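One structure is given here, and the rest of the page talks about it.
By letter and in written order, the chains are A, B, C and D; residue numbering begins at 1 in each of them.
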Amino acid sequence: MTTRITPEETALVLIEYQNDFISPGGALHDGVKGEIDRTQMLAHTRDVVAKARQSGMKIVWSPILFAAGHPELGDAPYGVLGVVKGANAFLQGAWGGDQAEGFTPLPGDLVVSGKRGLCAFASTNLEFLLRHSGIRRVALGGFLTDCCVESTMRTAYEHGYDVVTLTDCVATLSRTQHDAAISYTFPMFSRPMTHQEFILESVS
Amino acid sequence: MTTRITPEETALVLIEYQNDFISPGGALHDGVKGEIDRTQMLAHTRDVVAKARQSGMKIVWSPILFAAGHPELGDAPYGVLGVVKGANAFLQGAWGGDQAEGFTPLPGDLVVSGKRGLCAFASTNLEFLLRHSGIRRVALGGFLTDCCVESTMRTAYEHGYDVVTLTDCVATLSRTQHDAAISYTFPMFSRPMTHQEFILESVS
Amino acid sequence: MTTRITPEETALVLIEYQNDFISPGGALHDGVKGEIDRTQMLAHTRDVVAKARQSGMKIVWSPILFAAGHPELGDAPYGVLGVVKGANAFLQGAWGGDQAEGFTPLPGDLVVSGKRGLCAFASTNLEFLLRHSGIRRVALGGFLTDCCVESTMRTAYEHGYDVVTLTDCVATLSRTQHDAAISYTFPMFSRPMTHQEFILESVS
Amino acid sequence: MTTRITPEETALVLIEYQNDFISPGGALHDGVKGEIDRTQMLAHTRDVVAKARQSGMKIVWSPILFAAGHPELGDAPYGVLGVVKGANAFLQGAWGGDQAEGFTPLPGDLVVSGKRGLCAFASTNLEFLLRHSGIRRVALGGFLTDCCVESTMRTAYEHGYDVVTLTDCVATLSRTQHDAAISYTFPMFSRPMTHQEFILESVS
């Protein structure tokens, strides 16, 4: 990238800030509760959203959602989508699938539609939205560090975006797993930094 | 394809059976009204849906939908998406974007999410849904013959599906335009046939 | 697009200027010979390539190529890929698949790899090349007006590029077919213009 | 997947068995040499290729290749592609980019074309080849466990394939890094198993 990227060409892509991950009682909350607390990633996310919005960046929310019974996943999903179906998680129109309090879109934000898999590009209109808004840099936060966030990072890098991973705005099931991703794979496919470093670099 | 494709491996993909195209008062209805009447494509679609459903095929509805103001399209869309925005068409949660009467999903049907462009694969979870359901053949109907239906046909062919275009279940702005697509490009990227020929071939 | 697009952000994408289409004796030459002559599209292409190169645009060549026996197409391809296999066309490493005289890459040009289908994006690294070079506008020429050029145009439009179709640098099997594409579908998915209009708009 | 997948519907996808990784003197060989030795992944790969070929599976080779100077990567690539360019690795037509001895395609194998990024689907015709050959299961081996192999695994899973990762046919820069991928992310997106378990399951 030879020319400077402006805040208007930057999108903050926020992955799965939904009750089933974030809120007590959520279908998958217990698995990530400890790491949410340890990393303080919710407070960091609120901070980066406020500052990014003020600077003119595009805020993009990317929920994962299924119809009742998860018919989108076929008869016998395996792997992580099997876990999602087994937990009956992320139902569209139900509390668990809703954006958690404090993480709901404002007018002017974009909301990704179609996400039934892990990568936020794979089954959605994210690429369409970013391209038609002239976005050249994406900064990623949300869940899980090494699952949906990482898949999205990998694809964004292949698509030629300048990819920032916000290392203090992501969480997964354990600290070991979280640290492995941030140490080993994040630097291959992105420029990892804290949310404060990101704001400093992008807005100043 | 060497093995016989079963009805369970076949999907009927129905593109934009929404009020803005089909119903009097719809934002783009006047442009297609004449061809809808001439081709009788609504009656043919109802017929093929009923028979396909009965045979065990997957019914897949693919609406195009936008937030108020069409923010997904950037500041100044050109071409056909500029026309869609100019007509204020296909708003999510409004009557114009709703599926038209007689063309609403039943339990067990799949509904494509994310469509903001023309090809039903390009910004959606259609491929994800088809693959996770084990689909190998797609049959296409809807609007417009040479726009969204044709883009979807072209992509489905590249993706290796056995593609059927239902020539009496599609319509566009004029007969000349409709006939040009069906004569010239449909046979390159699909096996064009009437809905009755399709049922005869697939179900018997 | 709010900011002006520079020649350095523009790519001329040239589809299938190979012996099997262009040169006497080519496997598919007889089908397009008449239209190549009528449209003078080869001379126009040479002209636009020279001027685009001089202005700093990226020149991108997109051949279609197969291994001997066309194993990439499965056992029994139908539609246009069946025709390609039937004609034994576009073999890699053979004369028919080679770029025709006058249409070979120079140092600094990019050559798309992987094309086995019709759309120049569908099975290739074209998107990767364009994105990693910072391209925002693509101008399209080559074969066939309503097959590979049109599929490429449709996908480029969905991907958010500013798409120009060079109406006097494309050819297909007949004038009727050519005119139908240029009249009906090109304006939906691109800004059609002659190569002279394109140079005037882009370079001045 | 409800029906049994046959060997003919299975592809062994072999990623970057090229001199620059495998052979002494290769541009990136020193970084992976220790893990190649420890895991014995080359011997395991030779074994699984022989048995897969015999059983009727499709063998698919996926090299990564660049023109001299790596023009495909833009001016200043960052992350892992910056490392590739910095090492001047994987040049097309040069020894480093060639398939290593013992890992060259035989007649009937398929060779993926276009790979300039990490995921074997992202800039290539892999999906086209798999779909047009009717493949439903992919088994993955090669380099690096947590880079190209992992990106390919993640995408194949989203595409609805039955994905097998051959845990004793992959290697990366260190054992810690290798084990982290196999423990944490491989089970999310695949069914990890040894090459012997794979042959037993698929062929018996």
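Note that contacts are C-beta pairs under 8 Å (C-beta built on N, C-alpha and C of every residue); 3 or more make two chains touch, one makes a residue touch a chain.
What you see is a predicted model; the values in this text were computed from it and never measured.
Taking each chain's centre as the mean of its C-alpha atoms, the one that lies farthest from the centre of chain D is B.
In the contact between chain C and chain D, the residue numbers used by both copies make up over half of all numbers at that interface. Chain pairs B-C and A-C differ in how many C-beta pairs are in contact, and the one with more is B-C. Chain centres here are Cα averages; for chain B and chain C they lie 28 Å apart. Mean C-alpha position of chain C lies 31 Å from that of chain D. Centre to centre, using the average C-alpha position, chain A and chain C are separated by 37 Å.
In chain B, 1-2, 74, 117, 122-123, 127-128, 132, 134, 158, 160 are the positions where the chain touches two or more neighbouring chains simultaneously.
Taken together, the chain D residues at the contact with chain A in this complex read 1-2, 74-76, 78-80, 117-119, 122-123, 146-147, 150-151, 154-155, 157-158, 160, 162-163, 177, 180-181, 184-185, 187-191. Listing the residues of chain B that touch chain A in their complex gives 67, 71-74, 77, 108, 110-117, 122-125, 127-129, 132-134.
Residues 1-2, 127-128, 130-132, 134, 158-161 of chain D are the ones touching chain B in the complex.
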